[in-house]
Amino acid sequence: MSTTASPMPKVRLRQVTKAFGDHVVLDSVDLDVAAGSVTALIGPSGAGKSTLLRCINLLERPDTGEIVVNGEVLRVQEGITARELAQLRRSVGMVFQSFNLFPHLSVLRNITLPQERILGRSKEEARDRAHALLERVGLSGKAAAFPGRLSGGQQQRIAIARALALDPEVMLFDEPTSALDPELGLEVLAVMRELAADGMTMIVVTHEMQFAQDVSDQLVVMADGRIIESGDPALIMRDPQHERTRQFLSAVRDR
Amino acid sequence: MIIEWLPALASGLLLSLQIAGMALLIGVPLGLVFASLVMSRWKAVRIAAIIVVEIGRGAPALVVLQLVYYGLPSAGITFDSMTSAWVALSLTTAAFTSEILRAGIQSVHVGQPEAAHALGFTALDSFWFIVLPQAMRIALPPLLGFAIQIFQATSLAFTIAVPELLSRAYSIGSSSFRYLEVLAVAGLLYAVISIPIGWFVARLEKRLSAHLA
Amino acid sequence: MDGFLAILVGVPLTLYIAASSFLIGAVVAVPLVLALRSKVTVLRVIVRGLVDLLRGVPIVVWLFILYYGISIGTFRFDSVSAAIVGLGLIAAAYLAEVYRGAILSIPEGQWEASNALGFSRVSTFSLIIAPQALRVALPSATTFGIALLKDSSIASVIGVTEIVFLTQAEARSNQSGLEMYIIAAVVYIALSFPLGLLSRWLDARFRKAVVA
């Protein structure tokens, strides 16, 4: 996958720590994500992958650490203003495991409402953007449908379109295909591959090893709240350095 | 004979409906306010709101009606009987509907406000556009059920001299001594409104549970 | 202070009315719910109409009908009896609905297994379904009990000397209406508090006893 190497990483995390009571979920994590690259986050459950992802757009608030997205620096200890938060959320889009489409709104409205309310776009502009994105994810005919009537794969693709409509700089994916049957998952992964090819900076928490190997530029392995290995996906898959990585990969392969 | 009673009873019924309507119009938004306070981030606000709501739910409607009409004057606040009726019933409505709305709001899947926040909706927008509409769908059957209760509670305004349906029936009864008949007619008038709404609520509940299943 | 004590005098009668009508309702609701589930359409429709009517007409209207409207020969209801009978019948209607919902919530599999084992329909109902339904019904029934306690206040309108009646008398005599009514409200809240605790205790206890 080609990337444009940037002097400044698009996303940078420094010393991000989070604990729930006594349980340390993230232990001083550092991470760099280059612009236009795809980072896959893998590891056993409870490793803290989702929590780390959710710290990037502050759906989880870390206890300490620094989060830099697109040059904007946020230091948790110094407090985060509402304006900084709004800006962060505008730069970062997120796709959830359970899609989280708004069931009381049509597919079109799911995509136009955020544009109107958050970016202040006009109704026409929002609608045009929405249709363009629906076409891009292969669901142009579904604009008037309601989420409840659609398959999981269709819902997830619309969720991707909804996030893209706000023109984010970075897209976060939290186990986007874990709730889907394999065939439906493939449609979603196809959309994600295209997104990557178009140069979107993506961070993906996933169990799809094939996808991770094929599409990602950086593979990050987490366990017990720490990054235990990171680097070239093919290299790590072939020859993992860490014992836990080896265990995890062989367990995944055996399924 | 009964026909002669109908105009008076009908105007009483209209008044009952008016009182109920006002109580709901004011009480439900107020209930939403209380629901938000009960779910507030600050403990002091939460506790204060819970106390107010529990008092509102714990005191019988009759007591609240009489407190407002007979009791408030000694504190310098005097409402006429009609005003007392809808003020008192609005308070009762607010207390009960705050619990109904709170339950509805909390039963909206947590992923909904999360997705809204991730997109960048403000907390208010997220609540108004995403959470509340879904909460209202869930809360509608119990809210309608409560509306029926409030409509029936307007009969208690009889004790504070409001010329609503029961009061009219009673005065016709005491002048004609045909209590049983006129009360039966009044009862039927209440029933003719309460029962169909009750059937509608039952149908709504069935549709809602099928939808969620 | 005198006002407070004068109002408290009404508590026993309030409790007596609430408890009696709840008991009557709990018992009378059983034949009602059986009729509602009956295959005999005429019976079902009549009882359905009865239950809807009992719930669709305000309590105070029913009490008036019983107290002012019923005079058969020399028989008339006195105020307390009218209150208990009226509230009892209304309680029966509400509890019949609660029982109905509880019975419907018992999984079909219970009926099937019981029949397969050879239990008759009657035995299935009394030995298998009813005990489980009772547990499910308990929370709603206690919630209704608390509501019934408050509704007993309506008996004051036909002259029963319970809490609200005495509160009115006090308010009129010593001109401190607000205080008296606040005391009355507090008394009701205090009375329903232990019921609320009972409800939670029963809930927890019977939840443990149910094998999922």
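Lettered A, B and C in written order, each chain numbered from 1.
Everything below uses one rule, namely that a contact is a pair of C-beta atoms (placed from the backbone, for glycine too) under 8 Å apart; a residue touches a chain by one contact, two chains touch by 3 or more.
Nothing here was measured: the structure is a model prediction, and the numbers come from that model.
Undergrad: Give the identifier of the chain nearest to the protein's overall CA centre, each chain being represented by its own CA mean.
TA: B
Undergrad: Computing the C-alpha centre of each chain, which chain sits at the greatest distance from subunit B?
TA: A
Undergrad: By number of C-beta pairs in contact, which two chains lead?
TA: If you count contacting C-beta pairs, the leading pair is B-C.
Undergrad: Express in whole angstrom the distance between the two chain centres, defined as the mean CA positions of subunit A and subunit C.
TA: 55
Undergrad: Counting in whole Å, what is the centre-to-centre distance of subunit B and subunit C, each centre being its mean C-alpha position?
TA: The answer is 21 Å.
Undergrad: What whole-Å value do you get for the distance between subunit A and subunit B if each is reduced to the mean of its CA atoms?
TA: 46
Undergrad: Which stretch or stretches of subunit C touch subunit B in the complex?
TA: For subunit C paired with subunit B, touching residues are 52-53, 55-62, 64-65, 68-70, 150-151, 153-154, 156-157, 164, 167-168, 171, 175-182, 184-185, 188-189, 192.
Undergrad: Subunit C touches which residues of subunit B in the complex?
TA: That would be residues 54-55, 58-64, 66-67, 70-75, 148, 152-153, 155-156, 158-159, 166, 169-170, 173, 179-180, 183-184, 186-188, 190-191, 194-195, 198 of subunit B.
Undergrad: What residues on subunit B touch subunit A, complex-wise?
TA: On the subunit B side, the touching residues are 109, 111-112, 114-122, 125, 129-130, 133-134, 137.
Undergrad: Taking the touch rule as given, give the residues of subunit A at its contact with subunit B in the complex, in rising order.
TA: Answer in residue numbers: 57, 59, 86, 89-90, 92-94, 96, 98, 100-104, 113-114, 117-118, 159, 162-163, 166.
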